[in-house]
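Structures follow.
Below are two complexes that have chain A in common, paired first with chain B and then with chain C.
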Partner chain A sequence: MKFIETRALHEWLDRLAQEMPLIAPTAVGPQEKAPGSRNPAAQGQQVFYREVEGAAQIAWDFTRTALSAREHFMPKTETLFTIETGPDGKAVLHETKLAQPRVFFGIRPCDARGLRVLDAVMLGQEPADVYYAQRRQNTTLVGLACPQMWEDCFCNSVGGAPDAADDVDILLIQVEGGFAVQVVTAKGERLAAGMGLQEVERLELPQPKLNEQFALPTQQQWLASFNDVYWQRVGDRCLSCRICSYVCPTCRCFDVRDETVVTPQGERIVRRVRAWDSCQGVNYRVQAGGANPRANLEQRLRNRFYCKYYYVPIDYAADGCVGCGRCVIACPVNIDIREVLQDLARREPA
Partner chain B sequence: MSEVNPMRPYLGTLVGTRPLATGIRLFQVELNPEEREKFSLWRPGQFLFFSVLGVGEAPFGFANIPDPQRGPVIEVAINKVGHVTRAIHALPLGATVGIRGPLGNYFPLEELKGQNIVVLGGGIGGAPLRPVIQYILRHRDDYGHLTIIWAARSPDLLVFTDEYDEWRAAPDTEMHVTIDKPFEGWTGNVGLITQILEEVAPSPENTTAITCGPPIMIYFVGKSLSKLGFSPEQMLTTLEARMHCGIGKCGRCNLGEKLVCKDGPVFWQSEISKFLESFL
Partner chain C sequence: MIEDIRALARELLEKGAVKCVIGYEVGPTGRVRPAFVYEPGEVERLIFDGRCDQNLVTYLTRRNKPRKKGEEVPTTAVVVKPCDARSLRVLLNEHQVQRDKVYIIGVACHGMQNADGTPELRCTRCDQRVPLLYDALCGEPPEVLAVRDAYEDVQQIEALPLEERLAYWLGELDRCIRCYACRQACPTCFCSVCEAERDDSLWVGIADRIPEKAFFHIIRAFHQAGRCTECNACEAVCPMGIPLSLINRKIAKDVAQMMGGYRAGESEEPTPLVTMLTGEEAIDEIH
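Then we have the complex of A and B:
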């Protein structure tokens, strides 16, 4: 069993951050609540995965980050290429290249599992997406196991575990005085070579406290529930605000559009960008002629659940949800994915 | 992993355009010489993304088949209805444009050799069927009787009217044109495409019907074809949806677990009837 002392780990991270971009969980936002603010979210800081300069900036004690790891592989908005038009009117396209290797430290096992779903969609079928592929290939994932399942987590109900090593290159599990280190992949081995790991005889690994597991609807139940009135009932509450998609580690829907921006230096840049989108938005399916095949709230809400648990497994051979619980927390009208799943699993479709 | 970036359009030049119907024009694009070898030739039923660089891109069906004499000149019929299509209509000849494709599946015309074919096009839905007609006319001896039924709401919305004489004159081919409602000066058929289809009543024997038009038309043409004895395995159609990638990634075009871009756009009626989510 491999082990690293906390101090040695910090020193290694500090050195690493000098050599290449290091992404890690870090606290972002105001330290204090704004005077007079009644907004609970304004209080304290939130943890995001962000580029850090060393171990001191890393948030070691956190539940889940506000946004998943997805934003570092499929940014909220990214430039696919810039368009340069010469004086003769001929255009040249400059594609975005992303060659730099980097380390993603402290990714939670559920977020790493989310990348498995994005991999299946973006890389699993030809043609692969070159932007996502470059970021994925250039990144080594060092996972940080959760010491317990947090409130609203349900990874164990969708095939995951708070200390799963399946989707990372290296997994760290906090133990007395440091971290137990599981080197999972060849990529992880290359990185671990510089970590100065100790070999120890045996290590007492903590058993993370789990939340109660529940059964998911079967494929037959999904099939039978498509036209259930249940979707009208749940859809009735939905605001189409799309927050569930934006916080989701596995949502990947995107919009593509061209835009012209002027830099502060006065340079005019014409580019094609790709941006996060959500099937929950009312305009998501609208065609130029005005037709909207998913004009109703319940149709859109239903699509989200079917996408995760029925379409993605069929189309891409991956489980579409990792049980991170972010959509449960973020939903302003308390639509709870766990409740929907359990309702469907025990309901007679009507 | 492939080195090709599927989100990067091939660059080409707008070499020709002509009006087809009210609001609808045909656009001809020739790919730049250095792009041609990377671009594979398309088949009837496939689609492309047409880019106006700096404005955006949108998906359209190919409206022609590759011409062995003229090289890969791409034709698309485009209705001026949205942000990108308005920009396409405003392009001057010689403008640089982008083409992504060919994308999606295609009409299985090789498998249909030896059969009679019924082609049913409604409005601009005729555009992706023009390559089917061109392909059959080019390989005329490989197919049986060809019935073309072409419809539009009004005469000014009929597409490719200048080619009807050539289609009619082809061996073993008949063509019927109809408009939905009476129109001043129109002396041809009046009535919905389903009405004309049931009057013409093509025999289902050794025949495949290929339909494209608005979803509601596809639905009712399917009903009429059933009445005439066609089975869902003898009906082909092509669907459309809003899309942003065309390669099964952007998530936009799904009908249940089927993706119009990747599993389609060409579907057998027997597949569509099993869709979890309605295409209507």
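Then we have the complex of A and C:
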């Protein structure tokens, strides 16, 4: 069993940040906020995965980050290329520079697992998405196991575990005085070579406290429930905002547009922008001619659950939801995916 | 209070006077959330206490449209606090809700509380204890407090030098993820196509950069001038904890200064600031 002392880990991270971009959980935002607020986001600083300069900036005792790891592989916005007017008056196309090698430290096992869905969509078929592929290839994932399942987490009900090593290159599990280190992949081995790991005979690994497991609806139950009035009833209180999709580690819908912008130098350029989109948006499914097969709010809300638990498993053979609990916490009207799943699972199969 | 609301809801549903009662309930994990009650037997779900801070008036505009062409608009009963009633007044003035399609269950308000039991900041500034319009009033109104909003939070920001103010807002808006929860929770944001979501990017592009985000929030605030009742719904739902109410309260403060203490939703006339339409666009013709 491999082991690293806390101080040695910090020193390694400090060195690493000098060499390449280091992404890690870090607290963001003003400290003085409203600690008593009903809105968890307004209570104080939130933790995000962001580029840090060293171990001192890392939030070590976080539950889950406000946004998932997705934003570092499919950014909220990216410029795919720009078209500018060259010196001879002709159009010049500039491709966006591709990603550099980097280390993603402290990713939670559920977030790493969420990348499976993004991989399936962006890399599963030719041609692979070159922007996503580069970021993925150039990133080494160092996972940080959860010491327990947090309030609203349900990874163990959807096939995950708070200390799963399946989707990271290296997994760290906090133990007394430091971290137990599991080197999982060859990529992880290359990075671990510089960590100065100690070999120890025996290491007592903590057993993370789990939340109560619940059964998921069967495929038959999903099929039988599609036209049920249930969706209207859940949709009654849905606000049709995009919080659930944007905090989700497996949502991956995007929009692409060519936009004309004026640079600070006053030059007009065209840029092709890709940005997050959401099936909860009113215009998401609008087609040429104006038809909208998901014009009603409850149709859009229903899509979110079917996408995670019916479409993705069938289309990509991957689990569409990793049970991170972000949508549960962030939904301002308490639409709780666990409640929906349990409501459907209780139904008689058709 | 709770018993009054339940009894009234049961009576309205039994008589068939309304199809649905919108109130509050406690969800399975103990969180208070909007409740939609269709059956008289389900009124026991309804609650009312200091945790019921959501503005349910938001749900009325979408229920004011028939689900299918030709269908009649059903009548809905809604639990309304004094602050929510002002939002409803704005919607009625702007013909977004038909008065005879809504039954207003007014509640005498003792103020809302934070998760830690302290009073919500907005409630410490509020002098209204009884909704200005209702069909039935539930609960005993507490003594009216002699407070008047001094907009101290806005004044603090206004007092900052321009560079600091700019830095403050750029820092806050940087976290915006364009989820539009603020807009969706807002009772008086009801455009069918938002300027920020147009397919042709006419006003705002799709990028999640500060210029686009700032533009969206500023446009939204301007369109709320004289209409925002400072119900705080936008800020309460923001998943990034951005103090959005401050933007709208700045506008509300300026409107009050310019127009002799004007407060949104207190008069039966639409606000002259953003709804002064004449000729073929006169608001009485929009229906």
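Remarks
The definition used in the following text is that the second predicted complex is superposed on the first by the 321 of 350 C-alpha atoms of A that agree within 3 Å, B and C clash if a C-alpha of one lies under 4 Å from a C-alpha of the other, contacts with A are read in each partner's own complex, and residues count from 1 in each chain.
Here is the rule we go by: contacts are C-beta pairs under 8 Å (C-beta built on N, C-alpha and C of every residue); 3 or more make two chains touch, one makes a residue touch a chain.
In this text the structure is predicted, and so the values were computed from the model without any measurement.
Contacts of A:I314 after superposition: chain B is touched, whereas chain C is not reached. By the touch criterion defined above, A:R257 reaches both chain B and chain C.
Look at A:A56: by the touch rule set out above, it reaches neither chain B nor chain C. Of the two partner chains placed by the overlay, only chain B lies in contact with A:A133; chain C stays clear of it. When both complexes are overlaid on chain A, the residue A:A66 reaches chain C alone and has no touch with chain B.
Of the two partner chains placed by the overlay, neither chain B nor chain C lies in contact with A:V200. In the superposition on chain A, contact of A:G29 is made with chain C only, not with chain B.
In the superposition on chain A, contact is made by A:P293 with chain B only, not with chain C. In the superposition on chain A, the residues of chain A touched by chain B in one structure and by chain C in the other are 255, 257, 277, 286. Chain contact summary for the complex, chain A toward chain C: residues 28-30, 33-39, 41-43, 46, 66-67, 76-77, 152, 233, 236-237, 239-243, 246-247, 255, 257, 259, 261, 273, 275-278, 281-283, 286, 296-297, 330, 332-334, 336, 339.
Residues 80-81, 83, 85, 89-91, 93, 95, 121-123, 125-131, 133, 223, 226, 252-258, 260, 270, 272, 274, 277, 279, 284-289, 291, 293, 303, 306-307, 310-311, 314-315 of chain A are the ones that touch chain B when the two sit in their complex. Per the touch definition, chain B reaches chain A in the complex via residues 1-9, 11, 51-58, 79, 81-85, 94-96, 98, 215, 240-242, 244-245, 247-252, 254-257, 259, 262, 276-277, 279-280. Partner chain A is touched in their complex by these residues of chain C: 20, 27-29, 31-36, 51, 53-54, 58-59, 62, 67, 114-118, 121, 171-172, 175, 177-181, 183-185, 192-193, 197, 199, 201, 205-209, 235-241, 243.
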